[in-house]
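Take a look at these structures.
Heads up, the next two complexes both have chain A, just with different partners, chain B and then chain C.
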Partner chain A sequence: MTAGKGWWGQRRNRQLTLIACFLLPSLAIFFLYRILPLGWNVILSFESWSPLKPAAWVGFEHYVEMWSYDDVFWVSLWNTLIFIAASPLVIAAALGVALLVNSDLRGASVYRTIVFLSYPLMTVAVGIIWRWMYDERGGIINYALRASGLVDGPVGFLQSFDWALPSVIFAGVWQTIGFYMIILLTGLQSIPQNLYEAARIDGAPAYARFFRITLPMLRPSIFLCVVVGILNSFTSFDLVYIMTNGGPGHATELLITHIYKSAFEQTKFDYAAALTVVQFGLLLLLTYAANKAAGGNAGAVEQD
Partner chain B sequence: MITRRTLLKTAAAAAATSVISAPAIGQGTKKITFLTWNIIDQKELIEGWIKRFQSTRPGVEVEWLDKKGPEFAPFYQTQLAAGTPPDVINTQGALGLEYAAQGALLDLSPLFAREAATKARYDANYLGNWMFEGKNYMVPFYITKTLLFYNKPMFAKAGLAGPPKNFDEILAFAQKMTSGEIASGFMTLNFDWLYWPLFAMSGVDLVTPDLKKTAFNTPKAIEVVDKLAKATQSGAINKISWTGRWVEPNGAFGAGNVGMLHAHSPAYFFFKGQGSWVTPETLGVAHMPGNYATPNSHGLGISKGSKNPELAWDFVKFITDNAQAGELATRRKLVTGNVAVDQATLAKLANDDPTVYQVLKTQLEHTDKMTGNWRFGNDTRIKEAFWPELQSALLGRKDAKSALADADRRMSRELTRS
Partner chain C sequence: MSLRQVRKTYDAQEIVHGVDLEVADQEFVVLVGPSGCGKSTLLRMIAGLEEISGGEIAIGERTVNEVDPKDRDVAMVFQDYALYPHLTVFQNIAFSLQYRNVGKAEIARRVAEVAAILDIEPLLERKPRQLSGGQRQRVAMGRAIVREPKVFLFDEPLSNLDAKLRVQMRTEIKKLRERVRTTAIYVTHDQVEAMTLADRIVLMHNGQVEQIGTPEDVYDEPATLFVAGFVGTSAMNLIQGRIEGGAVIFGDGARLVLPPSRYDAHAGKAVTIGLRPEHLHWAKDGDPNPLVGVARVVEPLGSDTLVVFDVAGCELQARLPPRVVRHAGEAVRVAVAPESIHLFDPATERRL
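Up next is the complex of A and B:
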């Protein structure tokens, strides 16, 4: 028997080993920093624990607390869903901008740069800038509204129970729209032009070309935007923390800020773990739904 | 001239010496860590203390760490979980009590019993703010409580002679000084129960004396909240009172168009830096009606997990003794809770800086009327149950009755759980 016919001699085994070698460092890090903490987090959610207290099994106690007694959980869940619901609107706006800057518009590249400029800014900086812009007394938004006669008195955007959440969402939109635009622009530019030419020859009007060619071909890009949008909504901690810290009351509380406050301000790490499990479950559910909506195979590698 | 060979020989000899001597030093070294709360600006002072402390205690090393307010608790908690807590910690407000309740801090009572002179060094009422279940867990590092600052020109313009004497006068005075969007009459800080004197002066208690049940859901409390909400709605109380934290209310008062500010003493330095109108002639300083005030002091405690608790205690005593506390008081113009140092500081300031003297004098008066300093082991959770509901009422989201009923329900649950 020759060496070439042993286990190592088989080409497929050698390829698999090579793939495993390449993947192993990433998988190890993923396991150590994602899977292991998540697993421990799930266990912790069924325990009573604090840094100086030994863990004790309490079953579903934290989940019962969350479901039956924690008003803030429901408020923050609702706010998180509103945050998520804003994503499609941002993506639609980003698509509009992407279509504009992808056209023959004069100075399109300049507009593209301007729209994208907000994205690389630190979220903390964005929060501080918008907090000042929204300021009731010295903010430019109030100044503009009053100067134009649209309002009589100053609007306390971040102090109002009704305006605070939309105001924070708008700041988030301003920051991320450029990112979505770039993703969608890349998608637009990868659509073969011959499809449009064929459609034109067949006499298809512009709206038909958009709905029959552009949108279907953009599906992977839109899916990516939706998933990133959901993730952004779940992790908009810094923006909320800087602009309102969840207030007034809990008007801008998100699940992520509720988790942080439960863990690090109220020393309820065990309860925060249960909240995290719920958030993770919701994230999985929404990602699955987004994937289904995108045709069920978004992100899959097509093989010849 | 130094040749390359000589240089190499010298370097080798130095390296060898350090390698040989290192274990000897290492064996004799005792190390403690000192964690402070956002006083990185006092680097020179604290490093000077550490240098002095180390010079009189050979083989002792003190490492200093400073964390900003929001980072402090996460850092300390992760260190606790890792079993490596900093030996000496400096916390603000009631956080020390929470750590004490969790078993993170060393009970200082036996040390006080052993060293009565050390205990006598501190102001008893401030020291009492860190007593949990009859035991001392922290000592004062620097102390503050709330007082009333007022804008004398605005008072004069409104025809008001002096500070208000009761709750209704606060609102009436505030109303008189209010002028549309241009000026508002009253503002308070709201974090860490700092607004509680408004309730205490109206005879409203948060909890029963045994801290087991709520006591605030009463017709009187509903009346107080209702009045505060209406005054906020009218603009007499600046809305920032219920939405801002530190920069916004102090900045607004510094701008010179708010009649009164209820805040603790450090606020003076903040708004003075922002408001050119603030002079000894224009700024009034008074106690709140009934002499009620809420403390928000900084204390020093020792982690129970300290490997060198005696050394940590030695360090705590060192930095709160007359020399170091005096230095801190002089440099930062504050009071420390060290009775002798504070008396000397005030005596000096009476001549040097009369306004600061007036401000700091209030911090040492009526310390028996401190309120909002309940010895809860879960203060943050209690606050979280109460404040958002109160805020909803004050900003007109809920009526006072239902807001207090909701706060009662949430707070009762926290009290039961604790």
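Up next is the complex of A and C:
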């Protein structure tokens, strides 16, 4: 420290000020649109409030209602968990595709592009296209099924209590598989080729090379996919909203659509706030657990 | 092990042109040459990692052209070690044994034995990323040794180490060789490694074998100009000249007497003269073939001094004792024994 130069005279302080100046705009936006609403949302969840009457503190009333009386909450929670549970299957399928397009298959790069093409599409468009394809009368899927003689009568995919959720999930899979594939492909390509050569000379058969080299080396990429999958499941609002709007009944209701309906159709903003807190907590927990399971380095590339 | 007319073609371009090589049991053969000479490709063909485009490779009595790498009974040490990063040192070394029907207790015993040989016992529970370059190198060798294979293959194993460690590991490999006597093929681009380790050296250039011989052979009697230039710590001086009356003439009239009658058949012929810098010694009175010139560059190395000097309009390099020449511009007087003169045919580039 140089005496007599004062606070501004110190190099370290000048640097910190500069850093703060650069960070401030994005921090301000982050605070204004993320932290502040989240905090306010938490407070709101403990209040009774609507645009027409002043707020009153009601403690855990909304949470008690949710836990004891709201059947839709439990259904939508369960559906959300099914949505999440589907993501390992998608990731497994994406891994299969990634392995295929990573091999010296003829035209692998063409397949790679085709598989990825669906990802940048707008989810709303994907929802509309799949709704047409699932359509009971004019849909191509029903047409194909009947033409091949697999079913006798038309199947109302999005109208059936049994089929609606799997059908929506499948459309989501179709859209996101390309994204997972790219992540996994990048992971695959970062595995040094000589490990496979060493393993071949060491005598490890193909399955052993997959389970003892490919999978462990791919772990960070796989867990990145899992985390993204969880996030996607929680936020698949648009797909469900377009395809089924939660129906039939509440067969495809997710927490996120339940929140939307509570707030904007039933104007129960306070109750929706409580639902949001629950969803946020769940999301935090699952993401933390997934990242923990990945050894805290989801998305990293394992180095030797 | 034997290679007969082994060829490799990539996209209609032949990069290994018919290599013949017989390797005796327990022999340590070093394939050496500049990068791109086909030495690594040849090694990978022996390992079974590259297909053989033509010819035949046999290990023992068995032709292995179509045999899977795992069934060839070879072990390989890779240039960048190729250790499995997510496995411990123990698991890395044990890896191959698990696929060869070796019992758990036996695996533990053999890994411990190898760890003792390589002095890596305290490292067995570590992951490769926690090891230094030299330690990784040892583990990579341990992984090969534990197999007790018929043939060891080394693919430039020391090239990722810094200079000091490389010399140290070179000695270690040499020591190891005394304990584990197995046939080995070792690929390197470093002629010093080749000279120090090899029982026999295979010099390769542009996909062809230039010379096969002991380190002494290739140093004393390089078969081609390429070998002459490649082997030796400081490169051989190569100058154009002509044989005339039992001597070679070069530059504007410098004359070196040749061993009597050895080159009589080539009288009058244009030749390339090869003189090793270490064979140009400081001349005493009465030495044959004195060469007198002026020093251009003086590079003291401590143990000796490299001097570049002009003789008869040609530039030569000599490795001289320290302090005989100190500065550029001083007079240089060296001599060379007739037996130390190498002559090559400039057209065929082969030794005369």
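Keep this in mind: the second predicted complex is superposed on the first by the 270 of 304 C-alpha atoms of A that agree within 3 Å, B and C clash if a C-alpha of one lies under 4 Å from a C-alpha of the other, contacts with A are read in each partner's own complex, and residues count from 1 in each chain.
Throughout what follows, a contact is a pair of C-beta atoms (placed from the backbone, for glycine too) under 8 Å apart; a residue touches a chain by one contact, two chains touch by 3 or more.
All figures in this text were calculated on a predicted structure; none of them were measured in a lab.
Student: Taking the superposition on A as described, I'd like to know which of chain B and chain C A:Gly39 touches: first, second, both or neither.
Tutor: neither
Student: Pick one for A:His250: touches chain B only (first), chain C only (second), both, or neither.
Tutor: first
Student: After the superposition on A, what does A:Pro88 contact: first (chain B), second (chain C), both or neither?
Tutor: After superposing on A, A:Pro88 lies clear of both chain B and chain C.
Student: For A:Gln159, is the partner it touches chain B (first), chain C (second), both, or none of the two (neither)?
Tutor: first
Student: Using the touch definition from the top, say if A:Gly6 reaches chain B (first), chain C (second), both or neither.
Tutor: neither
Student: Just chain B (first), just chain C (second), both, or neither: which does A:Ala208 touch?
Tutor: second
Student: Going by the contact rule at the top, pick out the chain A residues touching chain B in the complex.
Tutor: Spelled out, the residues of chain A in touch with chain B are 50-53, 69, 71-72, 136-137, 153-154, 156, 158-159, 161, 247-250, 261, 264-268.
Student: List the residues on chain B that touch chain A in their complex, please.
Tutor: 73-74, 77-78, 80-81, 98, 102-104, 181, 239-240, 242-243, 252, 378, 380-381, 384, 388-389, 391-392, 395, 397, 406, 410, 413
Student: Taking the complex as given, what residues does chain C use to touch chain A?
Tutor: Residues 47-49, 68-70, 74-76, 78, 80-87, 95-96, 99-100, 128-129, 143, 147 of chain C touch chain A in their complex.
Student: Which residues of chain A touch chain C once you look at their complex with the stated criterion?
Tutor: Going by the criterion above, the answer is residues 192, 194-195, 197-205, 208, 212-213, 216-217, 219, 302-304.
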